[in-house]
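Both complexes shown next keep chain A, but they swap its partner, so chain B is in the first and chain C is in the second.
Here is the complex of A and B:
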């Protein structure tokens, strides 16, 4: 199914034949989906999937040094300055590819954004979160924190030491959560089965919810402490 | 986004703000939170053990206007109802009464969760007799 649009590009971003020389990498399955035609070295329509773009395995515990190395190498290869004399189509691809390169690098190098990306691509709805994702002990602490914040907002400086203490405790929690995430990332990468991966991704989503919740609290405490000169 | 008049009314004059003694065996406490917006809602009911009627309800909510209005209205609806009637309260009733827009429906869901949590806490207490030392 190789439907072509007006520009003669294959629909859906998948490319099998080089748009310029017609080379078809498909008969050689060992050949990875490449940004450049293996035959005439022409830039191909870039794939929007970040992992495929960087030609990296779909892993959560990514090798950041490897990612950075690829980012620099691809930045040089794709830079629009290299394509000023190229065909219009190739110039367009270099702009598109550079945008994907930068977005992809920004997302993949950050563990939280990377996990959210993988979740979204796996069909998880990140907007849908319910209170049961937050453990009750944590809610108690959050409630107390909000009470103290209210006191501070009404000008009661006596809440400051408690807030500073809570912030430290929440920051420590963030550290623990990051450790927990790293562990789940490794479990995910070691699981081959789709269902097993899905179950782990569900766990990861819950951890991310908790993380976002706590991170918001820490920034709120920071903001209020600064605003009230503490 | 503009709040409805009813939301503004509950937000500016919240009903039944406060707390009940959570150690009291006739009091059920529900504490829920929404990770996406950082809201946290505490809702408490005081039940007459003989009649099963909710005699008092209090709340304290940290969150947006819709979350405060949802929990304020919830406490009003709870008073005078039996525990079983209270369990049947649906978030859609809060949505309709407050004319909540779709993006604020989760606030009403949170309030429904809080009601259910408070009732569950009350029931759990009723099943396990209070320690004799509290007398």
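Here is the complex of A and C:
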């Protein structure tokens, strides 16, 4: 699949006519999307595209209150509880559609997961291994942190204050990274050209890798501190 | 059904009931107009004890009738079976120490209780409770009931949910939805749709503990987080008290009661009664009278609270975890709702109040609120309630085994359900024809610390060089919290067949066989009963005719009339032992016809005698 051609395509784009009444979808689908046949109002096979599902422009900065409103409204339309008495095929579509809706809500409401989703859709490879490479600017700090962790693991409690301190400093870094991400999200949404967006996404990927790396450090420190009763 | 009603595949407008299948008590409820109501038993009870008693000939009774047999037949009277649902032998060693039942062979992946001469599985026992509730509902509502919503502890895993669904099927109920107990309670509580805000539901019943945190907004009940312990409840408190009482008795009576099941059940009754009284009184007496031997012991609430302190404490950690997962502080909880009989204990209320810094709601009956909520959910499914919707979550993370015995998580706990994840698998050996996927539930990193759910065998893969075949597997947790797996060969686009091997619980085929057997058995039972009833009727008429032949009216009959009666009498005696109630009833009718004149003249004689004031 071409990495960019799914942008903005409506959810119903891939199916041609209604499974129940046979009608082709209307040329300009009405709200809410073409999840339903415009003629007989039957649920159609859902397409797993989160942005299309929520009928949102493919932007990285989202209004979470608006997202929640849409989530509730779509839940009312799609949830299996509403299809107990429906035909088996429609029941199945309701289950699939609601799973996509819930998965999509989970991803879109979280800035990091949202960005990773957009990266993946744009064809970026999000290999986990990358997060193991120490970002060069952190080399020194990470080296010292690992020393302190080793001391703690060997039962030396004197490393505790240092660990607590560097955890705080890494947490502060996370805060800064989130600010940086928000800025890139806005830049992304404001640029129209695909090439420009692509360049910004590349930057976002780098920031996300650094973020993941630091997060793992923080949780490792947390784990070791709890395990050694600090 | 009215002429103008259209029947959509036979399921339209069927009534759906809501069932709370509890460890200790079970209830069935329905929505009467807009009011959820508990359906009482014919005797007028609202709670049905979750007890089933088996007799040597395999017949069973459930509910109050079974409770009455508990002391007389302790080893054949099953209670707290919910603790065994969807579990393997290893999981329940501790439970079995406190339950007086024998375990049959072959109980590793499904427990088989040796009661009534034939091994029964926990879903079969639960099915008897469900049948009892179904019959009560049918008698009360005057219609057949075949569809239900059944509640389960929120923290039930896949196997425990599946076992509950199996129990429904065995009882002839189509389980349209499994609903989590605390969530159901919130439905009953928030039926008034103006209720908005963050609600915590704390549910401590007989055998399980659940905590759920929900956001109520415009009729949407969105679960934010859930946590719990499926082995924590009033039963554990009973065990503490039992230990003390049994030790006392051993020293006072100079003999241990261990092995004396009847005596142990008597003591259990006594400590439970004392426990209940302690919720309102500062001091009670545990009082046992077993075959004339008496044991009494005073128990203060203070000592009781010391005894159960750690049990109450154990409920608090799941509450903290749920708060953390919901990203909330205790101050952000607007209301706390208490559910389950064990929340009547003052210490429990104190602990909950201290944790959430809010006075818990107690205006709803903690025994009934789950069933009432199940009835609301049933009405949502039937379309009778349209403005409310429950969005629940899966309590446990779902993952697959990867290299080195590590679990790779696919769907995280507290994800709103239905939820899904896809993974692509590929072959690693040339010509490989199947791929085995081991699915687990739990929060830990290693396979050995998680709970094995099932193995899914992707079968009949086209034998190709290694890595050529790529199969996309879709894991979908449905609205019942039960996993469904489908697979597709990415090269051919074809649906890939998947064979499910559950780690715990019954296979579909086993359930089918049980349903068939129980139908056959039910027919057998029914036929036998009809023959017995026909014979009783025959006995009555034979005795009556015998007596009539001594009546003066007999001599008033003509010879042919008397011959006809004798012939019909012989006819009935001939078929009396036949195993066909139609034959017997046919002959009864003939005899009845042949004796009509006799009966009439006897009646006339009787009337004449009565008028004369003399007795026959």
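The criterion applied here is as follows: the second predicted complex is superposed on the first by the 201 of 230 C-alpha atoms of A that agree within 3 Å, B and C clash if a C-alpha of one lies under 4 Å from a C-alpha of the other, contacts with A are read in each partner's own complex, and residues count from 1 in each chain.
Definition applied: a residue touches a chain if its C-beta (ideal position, glycine included) is under 8 Å from a C-beta of that chain, and two chains touch if they have at least 3 such contacts.
Nothing here was measured: the structure is a model prediction, and the numbers come from that model.
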First (chain B), second (chain C), both or neither touched by A:217: first
First, second, both or neither for A:169, with chain B first and chain C second: neither
Chain B versus chain C as contact partner of A:38, first or second or both or neither: neither
Contacts of A:209 with chain B and chain C, given as first, second, both or neither: first
Touching partner for A:139 - first (chain B), second (chain C), both, neither: first
Chain B versus chain C as contact partner of A:75, first or second or both or neither: second
Partner chain in contact with A:157 - chain B first, chain C second, else both or neither: neither
Touching partner for A:55 - first (chain B), second (chain C), both, neither: neither
Where chain A meets both chain C and chain B, residue numbers: none
In the complex with chain C, residue positions of chain A that touch it: 72, 75-76, 79-82, 84-85, 87, 95-96, 98-100, 102-103, 105-106
For the chain A and chain B complex, residues of the former touching the latter: 127, 129-131, 133-134, 136, 138-140, 142-143, 146, 149-150, 209-210, 212-213, 216-217, 220
Residues of chain B defined as touching chain A within the complex: 31-36, 38, 40, 42, 60, 62, 109-110, 113
Complex contact set, residues of chain C against chain A: 8-9, 11-12, 176-177, 217-218, 220, 222, 377, 380-383, 389-391, 415-421, 476, 478-479
